[in-house]
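In order of appearance the chains are A, B, C and D, and numbering begins at 1 in each one.
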Amino acid sequence: MVMDGCCLAADDETTGPDPVRIDRKATAGDRDPGAAADRETIIEADNLEKWFGAHKVLDGVSLEANRGDVIAIVGSSGSGKSTLLRCMNLLETPDAGSLRFRGEQIAFDGAPHERARRKQVERLRSQVGMVFQAFNLWDHRTVLENLMEGPRFVLGLSRREAADRARAYLAKVGLSGKENAYPAHLSGGQQQRVAIARALAMAPHAILFDEPTSALDPELVGEVLRVMRQLAAEGTTMVIVTHEMAFARDVASRLVFLQGGRVAAQGAPRDLFGGGAPQRLRDFLSGGGERAP
Amino acid sequence: MVMDGCCLAADDETTGPDPVRIDRKATAGDRDPGAAADRETIIEADNLEKWFGAHKVLDGVSLEANRGDVIAIVGSSGSGKSTLLRCMNLLETPDAGSLRFRGEQIAFDGAPHERARRKQVERLRSQVGMVFQAFNLWDHRTVLENLMEGPRFVLGLSRREAADRARAYLAKVGLSGKENAYPAHLSGGQQQRVAIARALAMAPHAILFDEPTSALDPELVGEVLRVMRQLAAEGTTMVIVTHEMAFARDVASRLVFLQGGRVAAQGAPRDLFGGGAPQRLRDFLSGGGERAP
Amino acid sequence: MTLTLLSFGPGGWGSTLLIGALMTIAVAVTSFAFGLVPGALAAMASRSPHAWLRALALVYTTLVRGIPELLVIYLFFFGTSSMIMAIVRLSFGYGGYIEVNAFAIGVLSVGLISGAYSAEVIRGAIASVPKGQVEAAMALGLKRWVIVSRILFPQALRVALPGLNNVWQTTLKDTSLISVTGLAEIMRSANMAAGVTHEPFTFYLVAALIYLLFTWGSARLFARAEIFSGRGLKEARP
Amino acid sequence: MTLTLLSFGPGGWGSTLLIGALMTIAVAVTSFAFGLVPGALAAMASRSPHAWLRALALVYTTLVRGIPELLVIYLFFFGTSSMIMAIVRLSFGYGGYIEVNAFAIGVLSVGLISGAYSAEVIRGAIASVPKGQVEAAMALGLKRWVIVSRILFPQALRVALPGLNNVWQTTLKDTSLISVTGLAEIMRSANMAAGVTHEPFTFYLVAALIYLLFTWGSARLFARAEIFSGRGLKEARP
């Protein structure tokens, strides 16, 4: 059942009507009059290390996300891909390495000025959206209130401005009319779309997606991927941890393959899905990984 | 995954090494020197009806289990097959109809002599074993104690006699050495085999099986079916509610197909699995039912 | 000076306090055990198919739990003595004051309070035993009392123990309220010593330490019982 | 005759009882609210990464929950007055007896008892809020106090309400123990009336009814609060 559903969803992605089947790099270049090398670097992780107890989860990972990039991070479970993503907005604190956001060095725990560090981290987070596997909508607030919380209390918008903005982004993810619903009364796919709208409402420089479709019933995966595909087409900078290989191949401008806490391979999906991939990535793609097509 | 595993288990049943591929009726006849019609009737349910609230679950079901019969009751969920089985030892009380055990009429609720009725029901139950979908082993007692409880407190055996008997039946289901284990420390397949041994230890005239493999992981189904196959080969009278069609076809002497609380078809599996089945049974067998092959 | 006050020799209150401590244990154990009777009855009544039995259980637990423990004791103390006096007056024509036995009143009132809380614990514990465990016993033809005593009760006890531990601790503390009836348990002993010596803080502190010793010791006993009754559970794997 | 005793006119104890009832509510509400402070602090301390804070919370809750409520009140009553007298003697050389304010002692002692039980309820409620709810707020860049006040607190409250209701009912009943300090709440009023009229049972029964009225009324308030705070849950679907 699970495998069938998964394959169906993946098929849907590759064969369904899809207006945005484009080379991400090229489009990004088209929109940005400068050369690719000139595009602003949003997040730059350098040689990150992270230990959980005696287990080294990240073993020197470097990653650069430039404006307009759509980076798909893949790898089997335990490869450290979610940890890497969570380090990028300091939900996990790296043990070593450095992290720069739009050129600004971000301090980790133990920095001399704890208060200043916290302020800096809050500022970083407000400019990088995050979409979680479990949606993490606040279930004591309506959909609209979920979207208004950040704009009101971080960006300082008035209640009315925040509501207007919330309604606009709710329309963007196709959920107009659900303003006053509570999250528990929505389907998983709808909840995840609300979560994406909540991230968008902060007008972030980049959005991190942590396995956004893994908690969804197979028949609901498509609606979330469709929204993400649209965001990609509009040039949103995205870093996506995912198991949806067909989606990664079609939409990502760069594929990063993690293995054992290290970057085992990276490059354009065209190249990696073609013959140019190293053996272990080919093993992963040919079914060794979970939910690979 | 689930479907694959199920099919594997079924394949295993039909193609694996199997010494007992026999016509049950014929063997029963061989063992019993009398004609088939002369065999003792163990359980005779006549025109049973059962309501759950406003829903009629059993709508006049009659069923006769003679000594040596292996009756498989099949049907989609909601067809009343588990309720029928549970009525046969009065875990559910039928609302109408009659039930005879070895010729003796069994009184239902509301009989004039409540105390006498309860004694009769306890006597009936002690002579009819039951194996549940969820095993229902007592988890505060060891495996051996689970097997000793009935012989000691119903049949009046001494502790030593009950332990000897328990060990013998534990060996029969291939679990010697697990005497002092607690149920929670056994696999599902092992637990179900202990449950079968618990029923056998009462030396019942018949054993009722209520979907004995439905709660098991696919790879554990085989070991339980093997034990049941052996019991059938030894002439044990069995009534089995099951979804394992291959098993029912090979082992049952009679197949009873329930639909909407009525017997929609019954007969020898050979006939029903051949061309002689009514259309709705053919629909069910060809995949309309759950877990059908 | 404090040590002299607490000594067992002349001028010391040691033996008074010791006897009080023993009396506290006696009242607490008796009350708790006695309370299990109405507790179990109310638990069974609240699962009964008869609405009036369920209502009775609800009235008992709601009333007792809604009235301060001290007031329950007063009501029993004056209620019982008035009742007995009335009976005696009507029967024998004796109209004087009759003192009822303080231990009996204490056990009766604290036990009934304890029972109201035990009832909820027992009810929940019985409800937590999966239906299949009992059905498997019924299917073997086991008699009702065998099922209750050998299957239902041991399994419910496992779930009930932490809750019963709480009820026991509360009951132990509630016995201090019986001091108002004049029963010389540890609280009353400390009261007396405090009044005579004008050193209330010292004696109340000693009484508090004795209670802490009791609660600590009984918590250890309950912890052992929980480990024992939890044998066979998955987590208890050796 | 009973009606005369309970009337508000001359020879009636109606106004005494009414004032006592109001005093009970005042002490109970103040104690419960005051108790939420040490309760919340102990709950946070028990989740702290610092072992000494966790130990402190454990000592507070274990001590207070292991000692009878009446004894805690005695300890505070005599402890505080001894301490104040000692301070006054040392500062001003005045060596006479100083009566401490019974209301203040009552609120302090019952509040600290209440807090020890609130602590457990609050700790459990905070722990029950899924980590992802807070992470989602952190990921937006919300400040810590916004997260606590707008995300963590409302969600924890929903879980805490039934437990806080229990603590409140216990606190309400515990105020009856303050009667030993002479504070004229309902229990003390009933005591006085019983002593003067020699009709103890009547007055204790009236007091019991007043407590039942309070517990019933507050249970209704809590039930409403639970419904309100449960909005948005799946079961609450309109």
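Note that a residue touches a chain if its C-beta (ideal position, glycine included) is under 8 Å from a C-beta of that chain, and two chains touch if they have at least 3 such contacts.
The shown structure was predicted, so the numbers you read here are calculated from the model rather than taken from an experiment.
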Legend entry - Graph distance between chain C and chain D, where chains that touch are linked: 1
Inset, instruction - Taking CA centroids for every chain, report which one is farthest away from chain C. - result: A
Legend entry - chain B-chain C separation of Cα centroids, rounded to whole Å: 48
Legend entry - Inter-centroid spacing, chain C versus chain A (mean Cα positions, whole Å): 59
Inset, instruction - Please compute the C-alpha centroid of chain A, do the same for chain B, then give the distance between them in whole Å. - result: 53
Legend entry - Contacts with two or more other chains, residues of chain C listed in rising order: none
Inset, instruction - Under the touch definition given earlier, write down the residues of chain C that touch chain B in their complex. - result: 130, 132-133, 135-144, 146, 150-151, 154-155, 158, 229, 231-234, 236-237
Legend entry - Interface residues, chain A side, partner chain D - complex: 89, 91, 118, 122-130, 132, 134, 136-142, 149-150, 153-154, 182-185, 195, 198-199, 202
Inset, instruction - Sort out for me which residues of chain D touch chain C in the complex. - result: 63, 65-72, 74-75, 78-79, 82, 169, 173-177, 179, 187, 194, 200-201, 204-205, 207-208, 211-212, 215-216
